[in-house]
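Have a look at the structure that comes next, please.
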C-alpha cells in the first residue's frame, strides 16, 4: 500500500543520523521531526533565525516573537541560539547544515528540482528554497510520486520553473525510496510496503534504475 | 553618547518622501515596525518601494500600505497570504521583484557593509539568474548579486537605548539588524527605550552607529499568523 | 543538544596534521587561543599555514610557534613586534601574505558563509591589487577578493556551552566568531564551560553549529601588550 | 612657530562636529581625543571591535580583554557596544564612520596617501589602514610637513608604496592646514602661528594653491 504523509515522514526520519543539524521545509518535512528517534541528538534549524526548534508551545507559552519559517509559534530547546537572517543563510550557504528535507513538485533524473512556481498561477515567491537547494550537500525530497491527476513527478526533465540544478540526492515518495545517480537516473532503493517494482516503474517518467532485488521499506 | 531619540513614529517618518525606497524588518508579521507602518498610513506618502521579506497580510503589516495604494513596488522573497496584493499584482498596479531569501538577506547585509557585489549559488540555473553574470569557483556555479541600500530603513527592536543601540527578541530579529545597517536613515522603534549605559555592550545586536532615529513604540499588536499549540 | 565537549587542548589538536591550514582568533594578544597554541607546541606539528590578524610577540601567542619553526606561512594584516618573525622572514624561512585587516575579516566571514568571492574597495591602486580583478561599481573601483576557509580554526571564548555555543568578552571577540564559522573543524577553548541551556539564546555570539570541539581551558595568562593607565 | 604634536592634535580637534562617529589612527590622531570640546558628543570607534572608547583605565580596572587598535588597555563609555572584526569593517566600509584621522608618510596633491611601507625596511603590514582610506568619505591626515631630513611630505606624486588613491581631503601639519582639491593641488587654508606663506611654499613639493590672505590657525 502506498504510504501516507506520515509514512513518508517516518521513512525519512530513518535517514537522520546522530549529531545532524537539519533544516525541515514546510509540509511533510515538518512532520519528520515527530519521528526522529529520541536516542538521536539532532538540532533543527529554522531559517528565520533559530537553531534548536522545540515542541509547539502550550497555550500559556505562546510567544508572537518566536516562530518558525512556516510562521507557526514554537519553543526553544536547551542550548538553542537565535540569530539574524544573514547569519542563518550564512549557515545554510556555508554548508554547515548537514541535512535539508523539502517538498517538491517535480524532480528530474539528474537531480534538478522544481518547487516554487506554477506558470499561470499566482507566484508567491521562492522564500529560502533556492538558497537551500543551491547550498546543501545532502538534500532529501519528500513528495507524492505522482500528481493528483496521475502524472509522474519524477521526470527526465523538469517541466516547471527550476528551483535548483543537480541538487537532489534522495527522494522518498508514497511509493519508493530513490537515489539520484551522479550520471543521471533514479536508482530504486526501496518499495513502499506492498508496492511492486512494476507499479513504481509505471509511475516514474524519468529513467528508473533497478538493480537486483528491491527490498520493502521497514516502517513501524 | 550621541542622542538619537525622537518623539514618536509620526515625527520619525514625516520626511519620508513620495517614491522613497524603504526597507522594513520582519519575517511574516514577526518583528515588523508596526508603529512606523501606522505612521506612514497617516502621512499618505505614495509610490513607495518596499524591501521586505514578506508583504504582510490583507489587514496588517505592509498589507495596510498596499490597501491604501501607497506601495508601487515590493522586493521580497515570499508574498503569499495576501489577496489584495494578488489583485494589484495581476492588475499591474503593483510591481514585484522576487529574490531568494538568503540572497535578499546577504544583499542587504552587503549594502550596509559597503560590499557592492558578491557571488552566491542561490538561483543559478533558474529564472533568478536571467540577465545576471555567472561564474565558476572551485567547480561550482554562482551568480553575481549586488548590495542593496534604502533611503530609509524601518526596524523594530525589543529594547533600545538613547544612543540607538538595539536588542531584538526571539525570532523577531530576522532582517531587522541587516536593514538597520543598510538604511541611509534608519528609524528604530523599540518596546522599551532605556538610557545609554543600561544595555550590556556585549549583548547588543545592532550598534547605534546604524540608527539615526529611535522612539518607544506603543500598542504593539504582534499578530500571530499560525498559532500552533500542543495540548 | 549535540555534545561537543572534548577533554582538553591536547585531545582537541592531536589530529592536526603537518601542513594544515589554521585560523587563529585574536587581535594582538587579546582573545588568542592560548591553550591550543600550547598544545600545538607539544604535538610539534610542522609546516603550518596560520591565518591570524597578527603573529604574536617573540615569547607569546603565535610567536611561540614561530620560535619552534612550526609555521611555514603567515596570512595576517599586521606582524610587527616580533624579532624572530623578522629574522625568519628576511632569511626566507617564513612566507608572509599581508592582507588589509577589513579584507581579511570579510574574506574569513565570506568563507564561513559560503560566499566564494566579493568586491571590496580596500587596496585598489596598491600592491595588494596586483594580479587581482578590478571593477567599477557606481563610479568607485573595487577589487575581487575570495573567501577563506581553514582545515582547523582555533578560537577562544569567554563562556561556552556543551553544544558549542560561544560568548566572547570585550574586544577579545575580534576575529574569533568569523574564524569559528570558517574552520572545517573548529576548536573552541573557553574560560567557563556550562551545560547547554545555561546561556541565554539571545546573547550567544557564535552558534554551536560552527563548533566541532569545545573544552574549558586553563591557566590563561592574557598578556597585555600596552598597559596604559590613568592616574 | 611650527606646531608640536599636541598643537596638530588641537587643530584637528576643531574639525570635529557634534554627533560624529570617529576612527582615530595610532600616534597624533590618538591625541586628538584629548582636545575634543566636552560640549560635543562624539563616539570613537576602535576597529578591533568597539564603539565608545573611554579613558584609559585606572590601575585596578585594567582588563586584558578590553584594548584599542593600538593594543592599549582602555575603558568603555556608557552606551558603548562591542562587535566582531567583520562588523567593525562593515561599519567602516559601509561609510557609517563620519571621520577618519590618520597619520601619513606622504600625501600627493591628488589625495593619494602612503603610510604603510618603506621599501628596504621590515614590512609590518597595513593593518586596517587600506580599508579605512578606501572607505572613508572624510579623511584628515595628521603629519609633519617635512621628513626628518627636511624633505617635503606633500608631493606631486607619492614616492612610497600607496595605501590608497585620491582619498585624503584635508591635511593638518606642523606648518599648515591644507585641503586637497578635486582637480589636484593642496589649497592652503591656514598657517601655523608665526609661519609665513613662503615657509609653507618652500616646504611643499606638490602644487600649492594660495588664494587671498591666509589666516593664522587659532589654537588655545
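We just call them A, B, C and D in the order they show up, numbering each chain from 1.
We adopt the following convention: a residue touches a chain if its C-beta (ideal position, glycine included) is under 8 Å from a C-beta of that chain, and two chains touch if they have at least 3 such contacts.
Composition by chain, UniProt nomenclature: A, D = 3-oxoacid CoA-transferase subunit B; B, C = 3-oxoacid CoA-transferase subunit A.
The structure presented is a predicted model; accordingly, all values stated were derived computationally and were not measured.
**Q** Measuring from the mean C-alpha position of subunit A to the mean C-alpha position of subunit B, what distance in angstrom results?
**A** Roughly 29 Å separates the two chain centres.
**Q** Starting from the mean Cα coordinates of subunit A and subunit D, work out the distance between those two points in Å.
**A** Between these chains, centre-to-centre, one finds 56 Å.
**Q** Rounded to the nearest whole Å, what is the centre-to-centre distance of subunit A and subunit C, using the mean of the C-alpha atoms as each centre?
**A** Distance between chain centres, rounded to whole Å: 36 Å.
**Q** Counting only residues that touch at least 2 other chains, which ones in subunit D make the list?
**A** 50, 82-83, 86, 89-90, 92-93, 135
**Q** Hunt down the residues of subunit C that sit against at least two other chains at once, touch-wise.
**A** Touching at least two other chains: 106, 109, 113-115, 120-121, 168-170, 202.
**Q** What kind of graph do the touching chains make: line, ring, star, complete, other?
**A** Shape of the chain contacts: other, as it matches none of the listed patterns.
**Q** Chain pairs in touch?
**A** Chain-chain contacts present: A-B, A-C, B-C, B-D, C-D.
**Q** Hey, which residues of subunit C end up touching subunit A in the complex?
**A** 1-3, 109, 111-115, 161-163, 165, 181, 195-197, 201-202, 204, 207-210
**Q** Subunit C touches which residues of subunit A in the complex?
**A** Contacts found on subunit A: 19, 21, 41-43, 45, 50-52, 76-83, 86-87, 89-97, 135.
**Q** Using the touch rule from the top, collect the residues of subunit B that touch subunit A in their complex.
**A** 27-31, 53, 76-80, 86, 89-90, 96, 98, 100-106, 108-109, 120-128, 158, 168-178, 205, 222-231
**Q** Any idea which subunit C residues touch subunit B in the complex?
**A** 106, 110, 113-121, 135, 137-138, 140, 142, 146, 167-170, 202-203
**Q** If we count contacts the way the header does, which residues on subunit A are in touch with subunit B in the complex?
**A** Touching subunit B from subunit A are residues 46-50, 55-59, 62-74, 82-86, 88-90, 92-93, 112, 117, 122-132, 134-135, 161-165.
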